[in-house]
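Going in written order, the chains are labelled A, B, C, D and E, and every chain counts its residues from 1.
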Amino acid sequence: MAAPIIRIDNITKRYGPLTVLDGLSMDVLPGEKLALIGPSGSGKTTILRILMTLEAISGGHIEVDGDQLYHMPKNGSLAPADDRHLHKMREKIGMVFQHFNLFPHKCVLDNVTLAPMLTKGMAKAAAEKRAMELLDMVGMADKAKSMPAQLSGGQKQRVAIARALALSPKIMLFDEVTSALDPELVEEVLNVMRKLAVETDMTMLLVTHEMGFAHDFADRILFFDRGKIVEEGKPDEIFRTPKQERTQTFLRKIIAAGHRV
Amino acid sequence: MEWDWNFVWEIMPTLLEGLKITILATVFGAALAAIIGLVFAILRMTAPKPIAKVTGFIVEFIRGTPLLVQLYFIFFVLPDIGVRLPAMLAGIIGLGLHYGTYAAEVYRAGIENVPRGQWEAAKATNLTGRQTWVHVILPQAIPPMIPALANYLIAMFKETPLLSAITVLELMNQAKSVANSSYRYIEPMTLVGVFFLIMSLISVVFLRWLEERYAQVEER
Amino acid sequence: MTDWSGYIGLILEGALVTLELTVLGSLLALVMAFVAGLGRVSRIFVVRALATTYIEFFRGTSIFVQLFWVYFVLPFAGVTLSPLQAGVLALGLNVGAYGAEVVRGAVKAIGREQREACIALNLSRYQSMRYVVLPQALPLMLPTFCNNAIELLKGTAVVSLISLTDMTFQAQVVRAQTGSTLVPFATILVLYFLMALAISNGMRWLERRVTRGLDGVRT
Amino acid sequence: DGKLEELKEQGFARVAIANEPPFTAVAADGKVSGAAPDVAREVFKRLGVEDIVASISEYGAMIPGLQAGRHDVITAGLFMKPERCNAVAYSEPILCDAEAFALKKGNPLKLKSYKDIADNPDAKIGAPGGGTEEKLALEAGVPRDRVIVVPDGQSGLKMLQDGRIDVYSLPVLSINALVAKANDPSVEVVAPVEGAPVYCDGAAFKKGEEALRDAFDVELAKLKQSGEFAKIIEPYGFSAAAAMSTTREKLCAAK
Amino acid sequence: MAAPIIRIDNITKRYGPLTVLDGLSMDVLPGEKLALIGPSGSGKTTILRILMTLEAISGGHIEVDGDQLYHMPKNGSLAPADDRHLHKMREKIGMVFQHFNLFPHKCVLDNVTLAPMLTKGMAKAAAEKRAMELLDMVGMADKAKSMPAQLSGGQKQRVAIARALALSPKIMLFDEVTSALDPELVEEVLNVMRKLAVETDMTMLLVTHEMGFAHDFADRILFFDRGKIVEEGKPDEIFRTPKQERTQTFLRKIIAAGHRV
């Protein structure tokens, strides 16, 4: 078995008096597709945000692709990471947000080319060529010159995926990428992600409430509750024969609310 | 020219006299502005179209022209049509009219910022127009207005020195008259600045408190 | 008989000075607004403190007092400015302090989500500001900048009190020459209003230009 | 002499004026005239300074402005008084005038002197801020709240017509010019004010620039001798003889 | 069969050039539970808003409980309704909104008592007694003194239902009352509505994307598309054997997106 690409070691995250993650540890293998499920407020988003360095940790260590994420070697010991170190580490990681977060003042194409040109110094022509390939992959090539405001939610999210891919990260994080969409638009985004899962060997971490999709997409499911991993396993194990009481209750509620598993 | 502390103590009582007038003008000006603003806002939002339009133009005109010139106008031109106001009253009316146009905007924005859903919920629970205003809209619209109104109050306070141009003996005018007879500008002018700064710093603290106290009531 | 054409000329001359003051003052204010506004959101404490001091000081004291201070007190510190320079300096610094709060507010209004997208795309702080936040913040600033510019225009009337021959001052001169109060004051009121109108129309035009394509943005 | 060379270099002298005819005036075309600037212009020309550039100022702001370096000289009918002599360096006398009142036709309050105003609790006097008249009124015992500081002559006259003040006090010639222009039969002039001295102004220079003042005095004396002085000021109504019959020394010592 | 409590007769609704409802007619029987489904923008919300008199109609007639809604008899013919007429008609109708629209400055109890006290002149004590019964029914009695901002979405929506019920309307309108809620909170609201359907004989019109719930709840389903009723029938007919092409496509999409039918 290959060495983990992400090693989360006993991390804690507190907001004031509230402990959101409490000594969490987990490993992710290269190329693994992981789905994080669990009730609202259980810390799923938080763990993705921490990996994307959007949120600082209160304790513990994270190793990504062989390097410490929040620490760096300095005079033989580990010091807190500085901006330069974080900048280097972020190259390995991309993220897609629930609310797309496209740049509203830039057209679709410019949304995708901005970061490669600025952070990798790519030439405009090369960046646009690559962007068009990606937009084609997500089925948005014909909207390259549209402004985000002219797109539907599903289209926006597909552009956001292309934008994140443009930096060729080793790890992609998806935080409820369909939950802000009208039901009818969910499928077009999920299709893109299925394609992505098959066609690339990227490591992917996915937070979702779409249990059916999580089942089909993931190699492994982690069930979160109150900042801890309560249960983990292959999709069939978790969905068909959950061992933990809490997992069972959660799945029962979700099913009752009309979601297919 | 050197800073002279003895002179500072000597002129202090005169300046404080002026400060009193400044504060009086601010208080009455603000009260007037609050009322005039309400009239403007109501006319603009609910009066028949032509009246609303004319009101809108008047508001824009007052907002687009300098208070100083308006004061000259009230003080020196109005007597030609038989309206002779004492200087202080003319000043208060000028302040009230000028800042009334700002207050009107605050009222309007405050009311428009109440989400449409609130009007609809009031209708769906069958409240009458008046009941909707009194029990649903105003209680939500007024708190967020308070910091904005306070902001204009402070702005008005800082514009009171303009009243010196129409012979009101407020802080600035007292300072000038002290300067006129002593040929020293440094101390009186600096002191006026310090007075304003102190009052403003106090009001900034007060404003922050208001903003916190009346921060947007949340729902959605 | 009163030489009205001469007096109108005098007032128009003053209008030119008022215009000059407004334009130069606005330029200085714009620069100060961005310098101090961005300074206030800086990560460096000293920069933040300096910006805050500037903003609170100039918002805290009256433009009137600032003007007299620049004009009559600053010379004793060895800085002698012409009335025009004094006027531009006082107006620009004063309105700039208000503008700084607008810049800060607009930058902060470009929500966390956009900043986070920038981090996720590995843009540096400077790049995020320059390519993502400011282009979006600018349209938010314009309406308030418009109000600030009009406030500055109105503020120019105060410089007549330090004997700068602006429009209000010339109206006073005309009044002294002709003995008529109504005509010069009514004339300049209309002129001020026309200038304010020009500013707000110009700003609206600008706003339409910078927001083109941005309409209906809601995630 | 440094200051004079400086002025020659720059080609003009900055003078403070008040726009109070006939002492100082600005014409419709913006040209500066009036007796005081005309004399100053001539003297400076002889000193080799081509022209004067005037800025209008309140009386009260003139001396602080001079000290702050805002202007090089005051030529505004700023009368010599001992405390002013301490604050600035005056030239020899140039324009002399007595004080006058403008008031409503028939002088209903019977006001003939500053003392009369002090004694009548209903009487309000208007005067330019920082001018001689304000001081005379205060010295005569008129309380501060009945001495209204008026920004300029036109405002003073207007306030008198509107009944905001009962008396407006300026030098005789100024009042005459103002009232003549207003052409208002309801206003009359009392001149001179009883008990008020005749005052003369001079060109006022910054303390420490006495050398320039002395050079100015030399040319001023020549001007007076040649009779050109009279030619300049007498059309405005001023008496050259009055100015030549007294000296700075006397005026500055007067109490 | 009883006379319809709502008769919608050939109504049209235009926004400028856009025709949203185009000659729509439908009847609703007293006590009937009706579900309106259909794609986004098809006019479902609009018809509810028109019934609540939040939106004026451009043409046609509506009769509610024997009286014209937008017209009133005057000198023997029909005149447009005035405020008094509308006020009287609104007594018969209550509505629950997608975004709850609670009064944020009033506590839960006051939200429920406000309208009965003001519109029906109920005494405070009586209004509060009734409000507590209703809050108990929706499971919110213990939060009577809370402010809306302190409640979760599901709790807010249950309060909103109690508030609408407090006026004892004959007809209740529900516009996507769960779609602004986190998936886990959906069920608590649906439970309240199930209870309501069983315990009262109120007429209910429900717009929803929760197909499973629509199936269980409704006596009759109306499928809307582009401002017209494309198909209607019993839930089993519509969901199992839809006749129209458009209904089939719509349901297929929704099912693909992971919603249970």
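Note that a contact is a pair of C-beta atoms (placed from the backbone, for glycine too) under 8 Å apart; a residue touches a chain by one contact, two chains touch by 3 or more.
According to UniProt, the chain labels map to these proteins: A, E = Ectoine/hydroxyectoine ABC transporter ATP-binding protein EhuA; B = Ectoine/hydroxyectoine ABC transporter permease subunit EhuD; C = Ectoine/hydroxyectoine ABC transporter permease subunit EhuC.
On a predicted model such as this, the values are computed, not experimentally measured, just so you know.
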Could you run down the chains that neighbour chain A and chain E together?
none
Hey, how far apart are chain D and chain E in touch steps, shortest way?
2
If chain centres are mean C-alpha positions, then the most distant from chain A is chain D
Chain whose average C-alpha position is farthest from chain E's own
D
Top chain pair, ranked by how many C-beta pairs fall in contact:
B-C
CA centre of chain A versus CA centre of chain D: separation in Å?
83
Per the C-alpha centroid definition, the whole-Å distance linking chain B and chain C comes out as 20
As a quick test, compute the distance in whole Å between the mean CA positions of chain B and chain D.
39
Taking the mean of the C-alpha atoms as each chain's centre, how many Å separate chain B from chain E?
47
In chain B, which residues are in touch with two or more of the other chains?
1, 76, 165, 185
Which chain D residues reach two or more other chains?
61, 64, 68, 151, 158
Those chain pairs meeting the touch criterion are A-C, A-E, B-C, B-D, B-E, C-D
Looking at the complex, which residues from chain D come into contact with chain C?
19, 26-30, 55-57, 61, 64-65, 68-70, 151-154, 157-158, 181-182
Would you mind writing out the residues of chain C in touch with chain A in their complex?
113-114, 116-117, 119-124, 127, 131-132, 135-136, 213-217, 219
Quick one: in the complex, what on chain D touches chain B?
58-61, 63-64, 67-68, 84, 87, 129-130, 134-135, 144-145, 148-151, 155, 158-159, 161-164
With touch defined as at the start, can you tell me which chain C residues reach chain B in the complex?
56-57, 59-66, 68-69, 72-73, 76, 150, 153-158, 160-161, 168, 171, 181-182, 185-186, 188-189, 192-193, 195-197, 200
Where on chain A does chain C make contact in their complex?
52-54, 83, 87, 90-91, 93-95, 97, 99-105, 107, 114-115, 118-119, 147-149, 156, 163-164, 167, 180
